[in-house]
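Each structure below is given as structure tokens.
Note that subunit A is present in both complexes that follow, paired respectively with subunit B and with subunit C.
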Partner chain A sequence: MKLKLICTVAALAILAPAAAMAADTIKIGLMAPQEGVFTEPGNDGIRGFKLALNKYNGEINGKKIEWVLGPTDATPDTASRIARKLIEQDKVDFIIGPLSGSEGIALRDYAKTIPEKTIINSASGALETTYVDPAPNFFRFHPDGAQWGYGLGSYVVNEKGWKRVATIAADYSFGYTNFMGFAVDFCKAGGEIVEKFWLPLGSGDFASIIAALPDDVDAIYLGVGGTDAINFLNQYEQAGGDTNIIGGTIMVDQTVLTARGRAKEMLVGTPSSGPQADDWEDAGWQAYVKDYQETFPENERFPSPSLFATNYYGATLAAMMALDKIGGEFDEGQKNFHAALAGLEFDTPNGHIKLDDNRQAIGSIFITEVVEEADGGLHNTFKAKVDDVNQTLGMSKEEFDKIGLPSRDTPDCAALQPG
Partner chain B sequence: MNGFVHRHPVWTLLVVLAAALVLWALIAPWPDGMEAVFGRKRIFLNAVFNGITLGALYFLVASGFTLIFGLMKNVNLAHGSLYLLGGYLGYEVAEATGLWLGAFVVVFVAVGLLGILLQFFVFRRMEGEDLRQTLVTIGISIVLADVMLWIWGGQSYQILTPEWLSGPVRLPLVTGMRGEGELVYLTFPAVRIAILVASIALGVLMWLALNRTRIGMLIRAGVDDRDMLAASGVRVQYVFVMVFAFGAGLAGMAGIVGGTFQSIVAGEDMRFLLASLVVVIVGGMGSILGAALGAVLIGLAEQLGSVYAPTYSVVLTFLIMALVLAFRPQGLLGR
Partner chain C sequence: MAGKARPASDVPAWLVGMPLSYWVVGIVLLFMPVLANDFVLFQILGWSFILGMIALSLMFLGGYGGMVSLAQMSIAALAGYMVAILGTSGVQAISLHWPWWLYVPVAIIVAAIFATMIGALAVRTEGIYTIMITLAIAAAFFYFTRQNYTIFNGYSGFANVVPPELFGINWRRPIPFYYLALFCAAISYLVVVYVSRSPFGLALQGVRDNPRRMAALGFNVVMHRVVAYTFASVIAAVAGILLVWQNAQISPGTAGLPAVIDILVIAIVGGLARPIGPFIGALIYVLLRTFSPDVLLTLGLPGDRFKLMIGLGFLAVVYWSPDGVLGLWDRWRTHRRKAADPLTGQGGAP
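Moving on to the complex of A and B:
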């Protein structure tokens, strides 16, 4: 009898939240890595999400915004599983996520199976996600990884005079994509890629690769992030390396710049490119940084928002603006929401954003350099800004398709060099 | 030795020739034909040396693991957490005092104490219950991982190499020749050499302690037949506590080593638990020599793989494990 009673209570407890979730709330599923190399980026992404939510005081048109965290480990199969759980079990209205490149491709495919729902990409930067066979209910409000790399190549050739480089990048979709943006521009400007290395994610020990680097290069391009980046720099320093470094977008992010230890000091003077510059003087950016710094206590955040926070922020802002436009009422199959999202054109803290026909952002790219502050901290200082970078990197679709999709062997540098 | 030479003159000649060949390959510059097959000598040598150093790190973690298993038949799945904890503590000590070597002592004692607590309060109560132990250790590792995430956060920590070990040193191994016959020597990070030497010394000491001392005798007896050892009047629980503390302390020290030439970050616990499992499975559960062999094999596979076959380097480790499991399921040196 007692057991029966307990069972009933338990069953009620499980059912109760479902009953409470009537139509007067909007439920968002937020995906962010909570284990593995992208844990800290994931946490900063969540901060960006909360900031955007706060702007609307957590409600749209009197409807309360609820959110559920879907923890991933930055792998595509977990991402699909978590997304399915959010949609089917937590019954969220739409998903904001994921963070990492391959996850995005997995969710694009998943999005096609749930045409009545919506996925707004938060930070994953693979090109294919919105370029190849895109899903009509999948939106990305930030430039992809290839766009983030654009402009850096010509900058190092023209401003720094570095023409021969060896490259080391992460062996997964974002690594290829971010590298492609750099390489296309670099090779077109007359640069030469001497040797390419691809590192498996989370491999930990890079000493042998470091030993294999050619000596006669002007610089090495590093396209790894998080713990891998720290390990690489640490071991590069121990091996006595002293070549110039060109940073991929995630190489010089706050997650790397705030790590404890000496290795990151090797990064001072490293040019890089990405969706933001920490000390950009634009008023909107400054206000956003201030908001970030004031909202979260100092020991629970980075000195200034990482690009993950900024991308999650932008994605969430877009979602809230679109929700606002439709008064928080979804119609059949969320058609009005999709239309509202597709029609958005707005200013994020890091530049003006509009979407192309594939629901992919056309936005601004920043060229930055790592500098040391008075207190010993590092940040990316603003060097140049390239506006309206589109997904085909300023080329026509035909030209761009001719280069091929990013992979270990694409783009072919020699084919792009002038003359 | 002499007897062997007399009995097998041909074999001796072959062994000496092979040794000379290896020595020559290590010391002299390579001819072009060989470079064509193995790539540049610098790369090959570096990969081999790095593989062995990485193996040394794996050995530090896995030797404690295998000792604990061999004696207590206890698969301690919280071993990776001890590694991570050692790394964090080592960072704090090294940061506060500036003593890199001092950190090893403090961490060995601190993590060893935690090992004693674990053995005394947890494992002693569930002796011989494999499934329960496995579940409890997984539970402990999850709790520890979260507590450490809470204290140290998610960013990566890197333990500073002391001045006298930072930067590269030149080894007397020729990797090539510059234009006018000037020899190019192999440079290698000093800290890695120190770690390699220390691990070998530790391995030899452990072997001596196991094979030449009274305590080692007790431990070996315990590995062979625990019940008989207890029946002969030895306070077997004390031996267990000691071995557990030692194994835990080793894992903690490995954390400092890992934090020095890689980095310490949440999630490394699982990586190193997996690594030590693979090492121990390849080498043979309960065998120190097996742990050393397995660690070097896995380290070499990872490093050579990362240079010569980057796509398959991750698979290589597990391929070795699968092969060992298929043809010698008790491990290379297991019984």
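Moving on to the complex of A and C:
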């Protein structure tokens, strides 16, 4: 009997938060990985979300903003389950999330089944999410993985004079997408890709690839991240490699730059591209970094916000501005909210953002280079900024479609070279 | 069935013999859509039925055959993959767009052939070695699907896999899907109960207890074990098809090692002794999995510790009852019986 009572109380405690929902609040479902390789990026994303919420003191037009955390493990299965729970059980008004590429594709499909709700992508970077069969209530306020790679190719050809490269990139959707942005631009600028290697995520031994790398190249492009990147650099350094390195967007991330060991010596001078540059002198960016550093205690954050924090911040800011525009009142099927989101054009800390017809951001891409600080630490220094990079990478839709969707064999470099 | 006024003699014996608890559970489940909202129907109960069926196939092998196979999730995922590959999905380059009445049986048959081959390999081992070899197969299946792009579409897998619109019903709507999953789970349960009492099932339990004596009696021990794998795989395959329809997508992570271990945990927590165990285990798992972040946040703890909560829950069950929740139930019943008046023998449960 006692057990039964305890069970009932426990069940009520679980169900109670869902039941207590007043009409004068706005409820946001926030999705972030809380287990697996992307946990740290997920936590930094939550920090970015909180920063944007603080800017509005957690309320819109007198309505309190509540939020529910939906913990994922960066797999599409979990992402769609969690999204369904947030919408159906927690009755959130809209979702901000997810973080990783395949999750985004799963949520695009889920979004189509809930046309009267809204999903605002926070950091997932797959091209297909907004390019192939997009959902009308799915918005992305940051450039995708291919856009992040754009501008780097012509930079290394023109500024560095590196024309022959071998490439090593992660063997999954983000790896292909990010590589495509680099390769399209690189090949168009007259570069030549001598050989391509694809690495499965989480493979520890790179000896066979290092042995197979051609000697007569100007640089190698490394499109891997996290522990893969560190392991590769260590092994490459031990094997006596000394070629120049070109970094993919997640290659020169804080997690790699703050790693210990000799790997990072190889990284000094590595050009890369992405949605932000750590030391950009723009006032808006500096204010954002300062806000980040002041809001969170030093042991609970990165030295400066990661791109995940920035992307979550931008997505949340967009949601807040749209909510502000509609006075916090959703109409039938959230149509006014959708229209307000689609019409947004605003400055995020990392550049000016507007949306295209697929509700995908057209934004700025930063070219950066790794430099050593006085105390021996590394960071990405600002080199150049490419504005208004759109999803078709400056081409018409027909031209872009001719290249094909990113995969192991796409893009075909020879077909893109001039002449 | 109960409403029809028939003379008692016409009612088949199995219907009369059905325990009261069957009626109660059956009626509650049938009328669940009146009580529960869409989320509970689709997400909680639908998912519990599916996981329960996969764990049931493990329970059949483990409980009646004495063979703990970790490959059941991979078998289910293979059937799910077959649905995506042979039927319709978002990946136009690979999917073959077969009609449902063709791809559903083919998916089950392919999964059954795969399971029979696993069985043929695994029955040559015993105990911990069976676990290891099936774990190795599950790991190989995961890495193979992740690396193979021509058939399994690698890391991304298949999105947009939806059930066919049969009889004008969208089977992914919560209520139709709930009944579909309930129907499949009930049939699987009854078939397992039936088979466990059939000559084959009894022989299998004999093989579990003393293979040498069964061989001496003239039973083909190896064949019984391999057929058990084939039979269990059909249940897992049906669950795999339901799973891909429920998620509308399948990717290597569906049969990743955490998912493989989860099935074992579900079966153990529920109890391997009887076929209802896996369903109870699945319900507990799904409830913990779904609500533990909320409980943590309500208590003011960080939500990213939700796996700890699940772990503690399972630890508690296994600590107090090594034979799962079913064991707890059995012990409670024995306890009540003992609580009867020692002099008159009355007062306890019959």
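Note that the second predicted complex is superposed on the first by the 401 of 419 C-alpha atoms of A that agree within 3 Å, B and C clash if a C-alpha of one lies under 4 Å from a C-alpha of the other, contacts with A are read in each partner's own complex, and residues count from 1 in each chain.
Heads up, the rule we're going with is that a residue touches a chain if its C-beta (ideal position, glycine included) is under 8 Å from a C-beta of that chain, and two chains touch if they have at least 3 such contacts.
Since the structure is predicted, the reported quantities are computational estimates derived from the model, not experimental observations.
In the three-chain model built by superposing on subunit A, subunit B clashes with subunit C.
In the superposition on chain A, no contact is made by A:Ile246 with either subunit B or subunit C. In the superposition on chain A, A:Asp205 contacts subunit B only, with no contact to subunit C. In the superposition on chain A, A:Asp171 makes contact with both subunit B and subunit C. Residue contacts after overlaying the shared chain place A:Leu393 against neither subunit B nor subunit C.
Contacts of A:Leu307 after superposition on the shared chain: neither subunit B nor subunit C is touched.
Of the two partner chains placed around the shared chain by superposition, neither subunit B nor subunit C is touched by A:Val224.
Of the two partner chains, subunit B is the only one that A:Ala259 touches; subunit C does not reach it.
Judged by the touch definition given at the top, the superposed model places A:Asn43 against both subunit B and subunit C.
Of the two partner chains placed around the shared chain by superposition, subunit B and subunit C are both touched by A:Glu35.
Comparing the two complexes, residues 35, 39, 43, 171, 200 of subunit A contact subunit B in one case and subunit C in the other.
Taken in their complex, subunit A has these residues touching subunit C: 13-14, 17, 34-35, 39, 43, 68-71, 73, 75-78, 80-81, 84-85, 88-89, 102, 105-106, 109-110, 113, 133, 171-173, 200-201, 407-408.
Of all residues in subunit C, only 37-39, 42-43, 47, 90, 143, 146-147, 149, 154-157, 159-160, 172, 247-249, 251, 253-254, 256, 258, 290-291, 293-295, 297-298, 303-304, 306-307 touch subunit A in the complex they form.
Within the complex formed with subunit B, the subunit A residues making contact are 35-37, 39-40, 43, 171, 197-200, 202-209, 211-212, 226-227, 230-231, 234-235, 237-240, 255, 258-263.
Contact residues on subunit B toward subunit A in their complex (touch as defined above): 39-40, 42-43, 46-47, 50-51, 53-54, 91, 153-161, 166-168, 187-192, 261-263, 265-267, 271, 302-304, 306-307, 310-311, 313-314.
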